[in-house]
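Look for subunit A in each of the two complexes below; its partner is subunit B in the first and subunit C in the second.
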Partner chain A sequence: MTKNQTLLNLALTLLPIIASVVISSILILAVGSDPRGVFEKLWEGAFRNSNALAGVLNFWIPLTLASIGLVVTFRAGLWNIGVEGQMMMGAVFASWAARTLVLPTPLLIPIEIAVAMLGGAAWGVLVGLLKTRLGVHEIFGGVALNAIANVFTIYLISGPWQPPEGGSAQATPPFPDYTLLPELSGEFPVSLFALVLTVVAIGAIFLALRGTRWGLELKATGKNPRSALLLGVPTERSALSALIVCGALAGIAGAYRVLFTYDSLRPLASGGIGFLALLVVLLVSMKTLLVPLVAFLVAALFTGSTRLKVALQLDQSLADVLQGTVVLMVLLSNGLRERLALRGRVGEGEPETEFKPIAPVTTEAPTYE
Partner chain B sequence: MNDELLNILGSVVLNATPLVIASLGETITERAGVVNLSLDGSIVLSAMLGFVAAYSVSQSGAGSEISLILGVLAAMLAGAIVALIVAIGGIALRRDQVAVGFVLTLLAAGLAQFLGQNFTRIPGPTVPYAPISLLSDIPILGPIFFRHNIFVYFSYVLIFVTWFWLFRSRRGLALRAVGERPEAAFARGVDVNRQRYVYTALGGALVGLAGAAYSLSIKPGWATPPVMRGDGWIALAIVIFGGWHPFRVVLGAYLFASLRALSTVIQRTPEISISPVLLNLLPWVLMIATLVMVSSGGVERLLRLLPRPIQKMTRNVLRSDPPAALGTRFEAK
Partner chain C sequence: MDIELRNIHKWFGSIHANNDITVTLKGGRIIGVLGENGAGKSTLMKILSGFQPADSGEISIDGKPAVYHGPQAAIANGIGMLQQDPLDVPAFSVLENFLFGLSLNRKEARKRLVEISQRFGFDLDPDTPVANLTIAQRQQQEIVRLLALGVKTLILDEPTTGISAEQKQLLFDTLQSLARQHGMTVLLVSHKLEDVIALCDEVIVLRAGKLVGDRQMPATTQQLVRLMFGQEFAPPTRERVPLGEPVLRLDGVLLRDKRLTIDTCTFQVRAGEVVGLAGLDGSGQELLIRACVGLVKPNRGSIVLAGQDMTGKPYRHYLQCGIAFGAAGRLEEGLIAGLTLTEHVALANETDPLIDCDAAREHTANQLALYNVRGRAEDPIEQLSGGNQQRLLMALMPEEPLAMVLEQPTRGLDVDSASWIWQQLLARRASGTAIVFSSADLDELVAYSDRILVFYAGQVYEIDDASTVTIDDLGHLIGGEFEGSGAGRRLA
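Then we have the complex of A and B:
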């Protein structure tokens, strides 16, 4: 590789970041604010003290869980947009457990988590069955099931689970203290249990995808379901198992939101984290071990953005814009890199990213038989 | 027919208009072989920009006509630009169209919320009510179809123009060939990718127009969370339900709007006690049901329940195959 090629490669790596900063600065100026101040506030919001850092970790935990789950479904070639609804169902099921079961905390929390995993997995397998049995593309099944989970949550909050003083559709009454995940300490309010669980999940999924037959079958199903089936891979079972695993992990993420972040079930308790997780996985193109790192940056951005409203009266949707711009720019600049590589100007960076055109969004006969 | 029923049907036609325009736009795009998945974001963004443009121009002292026209143009431009990014990403940069479209869905919605933050809940210009003089006096049809505004009338024209263009014109033949058999179209001298850029941008501009139809007419103004959130996904599903055929697509849009109207009627009927919250499930359940109905596997399963002679007929009506090259890349060798 010549010096010029190295430089060009470096430029293409930095391009998305620089472009995103420039674009968002223009947008910030457009609404009449000062970009430098905004970026300072973002940093402050995420890292000013241990409390803020704990906030970042509290965003990182559910985001990482959902992202790790999505690595599994993407590996199986599935666009699991339904992850958001799977989180919500996890939250709903965990809330049910917290409202009904009376047990000592050390016993109750594992049960709550297990119940939440069940809820998320059920919602995930529904997406899968709609696809494999009824030919509904997982994107549409997922979008509809997300909406249904949200409506169901609002129904519970404004109906059967409403606070005794009447339903304002804001939240259920707070769950009793013994049902909630305990904090590490007052200065550093993080759930150690959830933190450990997340790290274990990362390791387990990494190993399972790499070194087991299940992981191999997922990959075969994702790359080419038809030939995988001909080679004897049970593709339907493989796809469904991916959705079950992802749903279960998203379920934990949802439980975390209601049992730690909040202390009650609320509409949109998932906070859009499922959609952010999809963006995280698009960024890391399914490299499991990069997920926690990228998720941390995203968590810092979103935690930092809560500061914008207070300090600058700016809408915190800026975080969505920044994140979306970065992912879009990375996608596009990867394309640019490949194009240039084809012409031999840049050394082969990454080969082809793993997001090849997958089954088009159609009603075509499912390839699962 | 009583007046109340006519009113309801009239409002169905009005409320279906953005869905009609957006799903026809997406039909054109997908017929050329490109999936623009960003609809749910780009409708929201173009609605916001259309409103803000019209509002700002009218604040500067311009007439309401000029400000509305500029608002509509801004919305269409926004829709076209988002669609073009999908096309550039999918064609020139060889990315997965679904991935680019999904990112743009979120990005456009975020942009709308961020850029529109100083324009929420303020009154602005709206497209005037304009009954068509003679047609609106026709009994029954007049009140239902001809007592609306320009967006609605435009959607009628669009239905026929789209159909004519796709199925009765030479260029439409080329357009469909690009989406079905790009190699064959290429061999015949059609510039496949150029066609795809053009029709993706055109479809996107129509999606933008649908956004303007919301913010300048049906749900005037701008608010967060945006009132039309979710309708982009429904428009995408309607395209599939409609089998990529303009008439059936429009039928799907009116069907959805009718069921929505039905749910508001049910809410106002005291005899039926169902939680109004649960009525919000209706569009989504319906979306899944219709997709199951038209998917090949689903059709077969349902058909087996029918008596034999009807089976074949129903199969032909329900079955619809997507453009064969939908979502794939074409590179001239």
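Then we have the complex of A and C:
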């Protein structure tokens, strides 16, 4: 990649952020408030002291985990909307471990995490099997499985895992302290274990996508599963492994929500972080190393917005508006990026592809095998 | 309408696709545009028809400079192009497709459509969905549409690929009438020199981006080949190779897809044998080919590869057992747009879980040199020309497979590239590889096959000794006239 392209890429990544700041400023002016004040309060909300920063990190950890999981499925060409449900199943499985197992904390926590990964991965592989075996598009399968995961959680909370004083379907009884992820300190309540795990996961996925056959097979499957199959790539295994890895990472994110953010299983414990992760991945256009950065910005925005109401009597939903603006701008800049790529697409000799579309394929070759 | 091109340049990366092309195209003539793959003729035609801009140079129409961007603007300037695969909307009817770009209401449009179709003897029902038309009819409807849009120069890219002899004659009559009676300019891009000789008044020849020839017809095939390549080619020679053991055997196989059934076909291919599959597109040869590699599972019967029962096994199993498969659509089935050449080679040839980038690049560079692929290891595959893509596909296949099963291996390739591919195939055959291939080119089938299977609507006819069959016989068989042909026997 040349220097110019790198600069252009950076510009296209920053463009939506700058554009959404400008547009939201106009919106804030329109409702009669001061954009500077709003952004100041947002900043304060996120960074005024170590406690606030810990809040940002607590959001960043599950968001980053889910996002890098999604980088993997996107690489394999799969729109894993089911990531939200995979987080929920991770949360459910972790809750089971926390409620059932009685072990010393250093031993129990890795087991809880492993069980959560299993739950998320199982939910992920289900999306995959629906797609490769039964031809159900992963978006539809994912949406359905998200709903099922939510209903299942509510069933557990209002049924078998109901608090003894009677279920208001608010939450399960709090898990015992020894089952929860320990805080670093009172001023800086962050789980060091989860933080390290997240950083390791980023590095591992980055290296795996870059320099392994598995990563190359994912890329091939994502770009053209049919050709990949014909070149000898086990495309079904490839797609399923992507969903398993993503599910497992989302599972850790779900476990984090119930074992640290909360201390019990709640409906929608995932807090929509899976959907936010989709936004993050769209924003970074699948560049693994940009994920933590962008996830941090999103987490800061989200955490900071809680301050808006307290300080400016502005509704917190303004943060949603900001987010919505970001999404739109990202999609627009992605469109722009594609357009530029198309224009710059250099064909050597005669690029056969452009105006000689698909050859008549009369028989239906399988795509996943 | 006279078109004058002056000093046209077009660069793609480091490739000078059109290098200082200056030529005048006179109205009322049919002009052949010749050149091998990658010579720059498609680039020039795309510039002329507005699909891409030139980097520098001028176009003037009837003496007036013309600057236009996009196909619509080109059409407004009177230049329209008929793509090799028609750019129409299959789900829409002929009339609806005809309406694109026209400011007529449906009633007027229908009248116009019928009137133009009748003038040229086209059989186009305005209400038939385009999906139900043959390639030739789709071309006809594109021609009619472009004429209604007032096009005065018509560019056709390989228009005779995949259409029958009668339809070809009708197309040629139409083009001649357009040029002679209506004073239109017709530009014909074609690899088929016999078409060019039959039709054109003049040819322009490109080689490596430059205009190397502009001559009046008539000319002989040899003269045209010399213009295109700077040299002549000897006709292919084929040595007899002693046949070995049966490699691939289909036993009482019943194959079915949405459109046709091949009932109870039994045949085998022996080591070192070349079996050609003939037939119009969609006659069943694709189905059989895909059954040979496990991509279509037979509804009945068995498939045996080197003594091993492969019935119902997945494609990858066939691959591991020594079958190499090449599909007709290179970028749809075979290569992956967006991946580099190195990534392709690593995918196909390496098995290590960790990828050593330097080693992979070096290995790729070797393969590229060995297979004469013009491209760099780090280039994305879609940047290569068709001939180079096909050579890379060959490089990705195993060195000594048991059998190679190839769909139209020389589709869209020029004489030079095609003969290179066949050299490779014949070399592998000499070391005992069995070859099964399909082709739309009857000369190719007769020249290279030991045996030919002819397909017609799912029926299969076997010609035992391909050297005894004439092109003419083969033409009749492809048309379904199996009865009374003495060349072979019915298989299924």
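FYI, the second predicted complex is superposed on the first by the 297 of 369 C-alpha atoms of A that agree within 3 Å, B and C clash if a C-alpha of one lies under 4 Å from a C-alpha of the other, contacts with A are read in each partner's own complex, and residues count from 1 in each chain.
Keep in mind that, in the parts below, contacts are C-beta pairs under 8 Å (C-beta built on N, C-alpha and C of every residue); 3 or more make two chains touch, one makes a residue touch a chain.
The structure presented is a predicted model; accordingly, all values stated were derived computationally and were not measured.
Counting the residues of subunit A that each partner touches, subunit B and subunit C differ, and the larger count belongs to B.
Of the two partner chains placed around the shared chain by superposition, subunit B is the only one that A:Leu282 touches, whereas subunit C remains out of contact. Contacts of A:Leu230 after superposition on the shared chain: subunit C is touched, whereas subunit B is not.
Legend: residue contacts after superposition of the two complexes on their common chain; A:Val56 is shown touching neither subunit B nor subunit C. In the superposition on chain A, contact is made by A:Leu216 with subunit C only, not with subunit B. Comparing the two interfaces of subunit A, the one with subunit B and the one with subunit C have residues 355-358, 360-366 in common. Considering their complex, residues 211-214, 216-217, 219-220, 223-224, 226-234, 345-366, 369 of subunit A touch subunit C. Interface of subunit A with subunit B (complex): residues 27, 30-32, 79, 81, 130, 133-137, 139-141, 143-145, 147-148, 151-152, 154-155, 158-159, 275, 278-279, 282, 314-315, 317-321, 323-325, 327-328, 331-332, 334-336, 338-339, 355-358, 360-366.
By the touch criterion given at the top, residues 35, 37, 85, 88-89, 92-100, 102-104, 106-107, 109-111, 113-115, 117-118, 224, 230, 233, 236-237, 240, 275, 277-278, 280-281, 283-285, 287-288, 291-292, 294-298, 301, 320-322, 326-329 of subunit B touch subunit A in their complex. Listing the residues of subunit C that touch subunit A in their complex gives 12-15, 17, 37-38, 40-43, 46, 51, 83-85, 87, 257-259, 281-282, 286-287, 290, 295-296, 314-316, 319, 325, 327-339, 343-344, 346-348, 350-355, 357, 374-375, 379, 382-386, 388-389, 396, 411-412.
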